[in-house]
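Next come two complexes, and both contain chain A; in the first it sits with chain B, in the second with chain C.
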Partner chain A sequence: MFEIIRKTLRTGSQTINYPQEPDEAPPGFRGKPELFQSRCTCCGECVSVCPPSVIWLKEENGEKTLTISYCGCIFCGRCEEVCPHGAIKLTQEYELASKTKDDLLARIGWRS
Partner chain B sequence: MNIENIDMIRKEFKSLILNETVSHNELYLTVKKDVAVKLCDYIYHHFDAPLISMFATDERKIEGSFKVHYVFSFDREDAFIIIKIDVDEKSPYFKSITHRIPAASWYEREIQDMFGLVPQGHPDPRRLINFEDWPDGVYPLRKDFDISTKPPRVKGEYAYRRVEGEGVYEIPVGPVHAGVIEPGHFRFSVAGEPIINLEIRHFYTHKGVEKLFERLSLDKAVFLAERISGDNSVAHAVAFCQALEKIAGVDVPLRARYTRVILCELERLYNHLGDIAGIATDVAYGFGAAHANKLKEEILQLNERVTGSRMLRGMNAAGGVRRDIGDKKDEILLTLARFQRDFRELIELIFSTSSVMDRIETTGHIYTDTAKGLHVVGPAGRASGMDRDTRRDHPYAAYDELNFKVPAMKSGDVFARTKIRSDEVAESIGLIEQALWSLPEGDIRAEIRKIPDGYALGYSEAPRGEVIYWVNIKENRIERCKVRDPSFCNWLAIEYAVLDNIVPDFPIINKSLSLSYSGNDM
Partner chain C sequence: MTVEDEIEIMGQRLNDRINKIFGRSLHIREVDAGSCNACEVEVTALSNPVYDIERFGLHIVASPRHADMLLVTGPVTRNMELALLKTYNAVPSPKLVAAMGSCACNGGIFGDTYASGGGVDRFIPVDVYIPGCPPRPGAVIFGIMVALDKLEQKIRKKEVRA
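Coming up: the complex of A and B.
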């Protein structure tokens, strides 16, 4: 009994006051992939390597769009690895819950 | 290939061996299908070589028939013998070996459901994976079965084994359970409180992983392997990558091999802590459970800082690892030093608490004979006198360059399984420290451009026991990938472990075996 009390006191409180206070992911964390329109050349490398196929390239009425869905993303970072221009980066953001599936889509587009 | 007395097999079966090929440490012997029982029986009993995997392949297009493979492990020689037989589509039968090698039971039923090849003389020929509402004559792993097929539901009923008599009651539990876990049905027969029979019924959420692997490109397949059994993802990825590397004939850089050891042992640490926490919860020792969970969380957070993923995902790739962790050395060592001190204190407290020991000693006993017959692997096997560990017997990554002991016990109860895990925690910490201190300089990944056609075994020791992959590559794509998770071997052991125990001890026995639903039913 004494040992238990001693260990309890020495361990102290372990919980943090989340979500009232933010809990930041460490550097190098594989979180939400972010797209950078200015760097993207629409080469489609990321589309072909994505294991769950959640990145699409579409061309409609002369407009190209690159879409990524965070719904099925497995945060493997293959897209970031193969992108020759650094146009896609995994960030430290992980709070991705949303009310609609549309909120979990990110798009960049060009008119040619 | 260096198997002692291999000439004995050659001499004994000389005229019956149709073909013999060696690749790496694997010897493939092709025989006529009527010879398989005799040859398997000879290898199993004469050389004490366990059956570690068994699977079929559909090679009708190339060779005109199905093949059934029996994989035996020669632990002392770090070698494998694979017996191959042809099974013709027109006569889809082969003789069951279950009466000689009980561990073959589920494999043979799996082959029956997935390929439609019937093991003649199997003591329990019921369906295993395809349920009764699945129509006859539809076999998912045959090449002519399209993955998008939705077969119609049919009517059928599953026959459970019945125990009848005065005062015997059946208690059905599941498939939906109280906790947020996966589905499985347990049917107990009890007379009073003691359990006199248990029958498990699983495979409620078959995902068709082996089918998904087929035609998948290799870099994507690694991520699929990683997700077969969520908390054993490193072990699966490493086993799969090693199979590819073996086929490609690529030497993985030393730094990558050391990194893999660190990842595998970090995985073992958080798994074992989770299991110890679970056992403490189930014997109502809340204090111990809270502290064990806290220690598990410390490792998970360390994983996140070191690899970017709490479950250590995305680290392995064919040819090595994707991220260098050399700069995290001090952080890992510091965290582990603190972790080790806290863990030692905790485990001493747990094992000196009489309310815990009363519940775990002599509970859920698995005899050595049972463990050997069913081929129980991992900590559960080592607690029942099965002194086997892939890291030592078939060294991979950098295990042959590091020092570690393989704890083994004979008593086979919940206590032994808990003790084995706590001893393994200490060994894992030692391994990580050694690997970090002697982490070699150099590349972390060898480039693999194209993998030639071929096949090979890949294996690793997951926290739950050995994981075995057999991968066949054709045109840089996967033709067949057989995955054997440790839980596929260990689930049946629970039917024996609970006998003569009381129903309230079932959760502890279950937890101490740490069985994965997902790894079992892919």
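Coming up: the complex of A and C.
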């Protein structure tokens, strides 16, 4: 019993002060995928590999739009792997909660 | 009046508002609507010494009748559909619903198939979506904070109507 008390006192408080101080995700953590407008060519590689199909390509009047919905994204990182131009990158950001599904959409446009 | 006094008064007002809205605490009922158990592991991690949600007055309770908020995980399978609706009806109003994990948001990896409902919002109204597969405990805390803002709005709407 003495050992347990000594260990408890030595360990101290382990609670992180999360909402007041940011809690950084460890390196290698797969968070919010980010799209880079300047590098994307709208080839559609990421659209075909996405397991839950949350990336889609829309063509309207010669303007292509690539949309990704974080709502339903499983953060597998396949899109980042297959992208030939590095236009999609997974970041460390994980605070994605939102009240509407529309807030969880990210778009980039590309005019041919 | 000095700046410190003003800050103190503001803090006091904020505290009063929080106390008025949810009596200093929020009770959460976790519903597993056919998830793979990864989200449940993260919910368990919420009450460990590192994240410790009890310090915010958030408690995970054993009955929907004690709860103010439903934390739904999983894509709502055919077998859990009725159970989820019954749980939702058992929670006293005003109630909140948080869809935790990508499956609960829109089906995720299970999608919209014969046995999978494809998202909680097809069955019950959802107040906050917490994406992640599974979301980190920090992301869940953030989601609950987003949801609490909503609760305030709901109560205000009721006051305006009355």
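Odds and ends about this structure:
Everything that follows uses one rule, which is that the second predicted complex is superposed on the first by the 111 of 112 C-alpha atoms of A that agree within 3 Å, B and C clash if a C-alpha of one lies under 4 Å from a C-alpha of the other, contacts with A are read in each partner's own complex, and residues count from 1 in each chain.
Note that a residue touches a chain if its C-beta (ideal position, glycine included) is under 8 Å from a C-beta of that chain, and two chains touch if they have at least 3 such contacts.
If you're wondering where the values come from, they're calculated on a predicted model, not measured in any experiment.
By the touch criterion defined above, A:Tyr18 reaches chain C but does not reach chain B. Once the two complexes are overlaid on the shared chain, A:Lys101 sits against chain C while remaining clear of chain B. Contacts of A:Phe75 after superposition on the shared chain: both chain B and chain C are touched.
Of the two partner chains, chain B is the only one touched by A:Thr8; chain C is not. Residue contacts after overlaying the shared chain place A:Gly28 against chain B, while chain C stays out of touching range. In the superposed model, A:Pro51 makes contact with both chain B and chain C.
The partner of chain A that touches more of its residues, comparing chain B with chain C, is C.
Shared interface residues of chain A (contacting chain B in one complex, chain C in the other): 14, 25, 51, 74-76. Looking at the complex, you find that chain B touches chain A at residues 219-220, 223-224, 227, 287, 291, 294, 297, 304-305, 307-309, 313-314, 322-323, 345-346, 349. Of all residues in chain A, those touching chain C in their complex are 13-16, 18-19, 23, 25, 51-54, 69-76, 94-101, 104.
Chain C meets chain A in the complex at residues 49-52, 55, 102, 105-109, 111, 121, 127-133, 135-136, 138-139, 141-143, 145-147, 150. Interface residues of chain A facing chain B in the complex, by the touch rule stated above, are 3-4, 7-8, 11, 14, 25-26, 28-30, 49, 51, 74-78, 81, 90.
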